[in-house]
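Okay, got some structures for you below.
Next, two complexes with chain A in common: one pairs it with chain B, the other with chain C.
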Partner chain A sequence: MRMIALIIIVLSGGLLLYATQDFPQWADPASPASLHLSPHYIQKSMEETSVPNLVTAVLADYRGFDTMFETTVIFCAGVACFMLLRISRQTPEDRYYRHISTGVTIHIKDGGKIPDKSKEFERIDTMWTPFDLVIKTVCRFLIPFIQLFALYVIAHGHHSPGGGFQGGVILGASIILLAISHNLRTATKRMNEKLIGLLCVTGVFIYAGTGALCLLIGLNFLDYSALASVLFLDPVSARSFGILIVEIGVGIAVMATMIWIYNNVSSAGKYDEGL
Partner chain B sequence: MDIVVTALLVIGLVFFTGGGVGILRLPDFYTRLHPAGKLDTLGSLMMMMGVAVFNLHHFTWGALLTSLKIILIVVFIFLSSPTATHSIVDAGVRAGLVPWTKKERRE
Partner chain C sequence: MSQHYPALLVIVPLLSAFLISAAGWLNKRLCFPIAVAALSVACFSSVLLLFQVLDEKVVLYKLGGWSPPWGIAYSVDYLNGLVLVVVSVVALLNLIATQRNVEQEFSEKIGAFYTLYILFVTGLLGIVVTGDAFNLYVLLEIASLTGYGLIAMGENRAPLATLNYLYMGTIGASFYLLGIGYLYIVTGSLNMADISAILPSLYHSKTVLAAFVICIVGVWLKMAFFPLHAWLPNAYTYAPSAVSSLIAPLMTKVIIYVMIRLMLTVFTPKYIFSTLNVSDSIVWIAVIAIVMGAILALGQRNLKKMLAYIIVAEVGYMVGGAWLGNRAGMTGAILHIANDALMTLCVFLVVGNIVYKVKGYAFEDLKGLFRKMPFTMGAFVVGAMSIIGVPPTCGFFSKWYLISGAIQAGHYGFMVALLFSSLVNVILFFRVIEISYYEPFENHHGQESHPGKIAEAPLTMLVPLLIVAAGLVVVGVYTGDIVNHIIEFAIPKGIV
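Up next is the complex of A and B:
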């Protein structure tokens, strides 16, 4: 089995290397990309898409198909992490609880009776037990600002460096910070596993759905000027808004995937206590 | 204006230099974290303040907004850097690293 895999990998690698022979020379000014494509993007992207940031225009509009599958790759990474690591069946284990008002810790062995509903006890991690007032307070203060900045990065991708991927990562990092500073259960209480999975799918669906909507209206896949009739705009600003919609989809997918991967890796798939 | 900017930058530089020397010369983990956490925060604070003032050289409302953003960076560094140092020290204590004392060295 491993031999077959090795042969397939070597063969496909060789094929890829062979295919690179057909590429134009590095930085060749006479290559088709430099002759026709780049000047078109540089001169026309503003009047065609009304997006000042050239990179965003190329990434999400001219090459939207490519970016759609980049989002799908990230989604696949999240799903692969979930499939490999998540353990659904849980053996009874030791748990630690803390009496909130006195700070007395109790240790319950092998799935004994658990004061789960009680308001006087809170569950604590086996590794990380103290009260961390400083870290908790500062993180609680900082997380809203981080999330606000992430939304700014996503929404401002047209005009400045940024966009869905970066903003999504920052959003995901804010939730991961919550999981690190408090504990994993607090973070999963805010964003439970089902919601994360759903958001992951939703992000990719928004992207692909926008493309399919363009196809339904009657233009090419991901040709956002088709959205002009839906958004009641002229085709040029429709392309700009189409990029924004797609970026939001990317942001949601990336955010959910980051949290998903963190949860699975840090708790070894058990979801009870993380780092 | 220029004098203020230069003074702020030089003060920041002094703090950074002190922090760097401290990280290199101090004997153990906790004492090294002390300059790393404190002097870097203060040094970047001074430097950022200098940059913010320099940005107002030609006063426009846009420049004022940029300076306010720079000061916002200072605020966030001021909040997050000591917290990070605190948590690193906390982790060191919990991992069982004993602080350095002079007595131990003589033995």
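Up next is the complex of A and C:
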């Protein structure tokens, strides 16, 4: 069996090498890829979309339809993780609580619990992490700056590398950092599961909804120039702002999906109390 | 509005999937109606789109308003116009038929289930409608990812089967992407029509050859063509019944459409049939696929897995027909996409009904079911006749075209394989029918306290099933019209 696998790998590698013989030269300005479509993007993207970063122009406008579905792929991943991992009904379980000031741990059987708001007891389970002053303080200081930077990355995708995907990941990472440095329960208190699920869908809906709005106004799907009449702009600037709107949608969707997947995977779908 | 049908077809299900996901959090009862409404709109626009194609030959839709080589364009012609109708109709009928199964199996996560269901259909519709090779990959990702999620929700062994499917499917999709990347290096374009216009000067390029091989192997992996089929039987068997009756009829058929699209539109018939000299060997692989699929199906002791192996054989039919290189074979392959989708839906819906009532699909669970579920089993007989190829059901006609294609091409091996698999199908289905007709019903789950509880499935499950069964005959009767008005024009003039 190993032999067969080895033969297949060598054969496919050989095929790939064989194909490179007819490749254009490395960085050849006369290669088909740089002659056919690229000149149009390079020369026209500014006057057609008024986006200085032409990668963003191609990604979110010329081929914006692909990007919408890439965002949907991320959404799918979030929903699939939720569907596969989330355990909604749990059998009554034993719980452990620790009295914070004395350090005495009590064991409650058959699903009994101490009121959530209790300040004197903390629940001890797989999600419980011991208190660590340095980590918690550093993270508490860092998180706002991470989030600010994420917003910058989303908003600045027009002019510099960045955009919704990168910004959304950074934004999501800030909440995940909160969950790691404190515990999952602290993070879900800030953003509960329902909110995350709804944010996730809101993000993709903003993208696809913007497209559908263009269609309703009377142009083709995702033709942002239709937004000119809504945003009171000329059609070219409307394209630029249309891109910003969908980038914000992407950012929200990516952030929420990141957190959603982290929550489901890290707690094996149990969260805290069940739905 | 009529110029927007290609977009509406994909966008309405997409937006509805998001609404369903939100409804899953807010009010679960809304999920199913939104799903039905979305797929009804998709169905409606696909039918209108087909009529539009009959008038205008090709319907082009520029997404974002950008012209094709620079932006993404949807391009609907006779070939995908037909497949779009099949996909949306099958998905809608299955959605309605399996409502009860879904409630039974996913009561808590109904929102997530229908979100993935509708996104899966969106992905398939997007694959079929697009005229852009990379856009096809993105939608393939959506269809695959949601498919993995849906299949993994099945029985105990489903997650393992899904993992296997995930590895194989990911390799298949990556191969396709790699092939498209190679094509982009030498042509500089991603639009299918544009690529095929540039390719003739590159017919002897080694890169194009490698791109072709990689793309085709990639789609073979995704469609479970014989030596690459290992993921399919377990994945389709252990999936929840509502999911297997969605994915089994549609996924492999849509990927076969992708293969035919690559052959006819991207690489062009001249390249694949004249420049390359591979069609004969591929038909021989198809012969092996058909024979092995039939033999492996014989060895199964449960209905669902037997049907899964029949799909492996049917994939061989269509690949072989497409690669015969003549008009009759290609007609048979395209017609069989539609027919096989319908008959697979029919038999898998029957399995769904049986699982709903009997909670099992092993052969022993089928004993005496003709008495208990006469309509369900009646539909099963129609579906079985169609798969065997008995006139006037539609399965007969596509097999007829495939066999006459094989004779025209002088490929008697393929003809013998088709006849052999029909004979094996006779054995397979009559064995099932015999068990369920002659053997007395037993209470096999030790539920002696509830004797005679098994009865016919509820009407919401039965009516769509009977519609599908009637559809098999109707499509069979109107085969001539479908071939003369649609498929005839879907095949380029170059193929005789």
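The criterion applied here is as follows: the second predicted complex is superposed on the first by the 213 of 275 C-alpha atoms of A that agree within 3 Å, B and C clash if a C-alpha of one lies under 4 Å from a C-alpha of the other, contacts with A are read in each partner's own complex, and residues count from 1 in each chain.
Convention: contacts are C-beta pairs under 8 Å (C-beta built on N, C-alpha and C of every residue); 3 or more make two chains touch, one makes a residue touch a chain.
Please read these numbers as outputs of a predicted model, since none were measured by experiment.
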item: If touched residues of chain A are counted for chain B and for chain C, the larger one; value: C
item: Touched partner set for A:Phe145, first chain B, second chain C, both or neither; value: first
item: Partner chain(s) touched by A:Trp260 [first = chain B, second = chain C, both, neither]; value: neither
item: First (chain B), second (chain C), both or neither touched by A:Phe165; value: neither
item: Touched partner set for A:Ile135, first chain B, second chain C, both or neither; value: first
item: On chain A, the residue positions that both chain B and chain C contact, one per complex; value: none
item: Residue numbers on chain B that touch chain A, as the complex places them; value: 76, 79-80, 83, 86-87, 90, 94
item: Chain C - residues contacting chain A, complex; value: 4, 7, 11, 14-15, 18-19, 21-22, 24-25, 61-66, 69-72, 108-109, 112-113, 115-116, 119, 126, 134-135, 138-139, 141-142, 145-146, 148-149, 152-153, 159, 182, 184-189, 198, 205-211, 213-214
item: Contacting residues of chain A [partner chain B, same complex]; value: 130, 132, 134-135, 138-139, 141-142, 145
item: In the complex with chain C, residue positions of chain A that touch it; value: 15-16, 18-24, 31-38, 40-41, 61-66, 69-70, 72-73, 75-77, 79-80, 82-84, 86, 88-89, 194, 197-198, 200-202, 204-205, 208-209, 211-212, 215, 219-225, 275
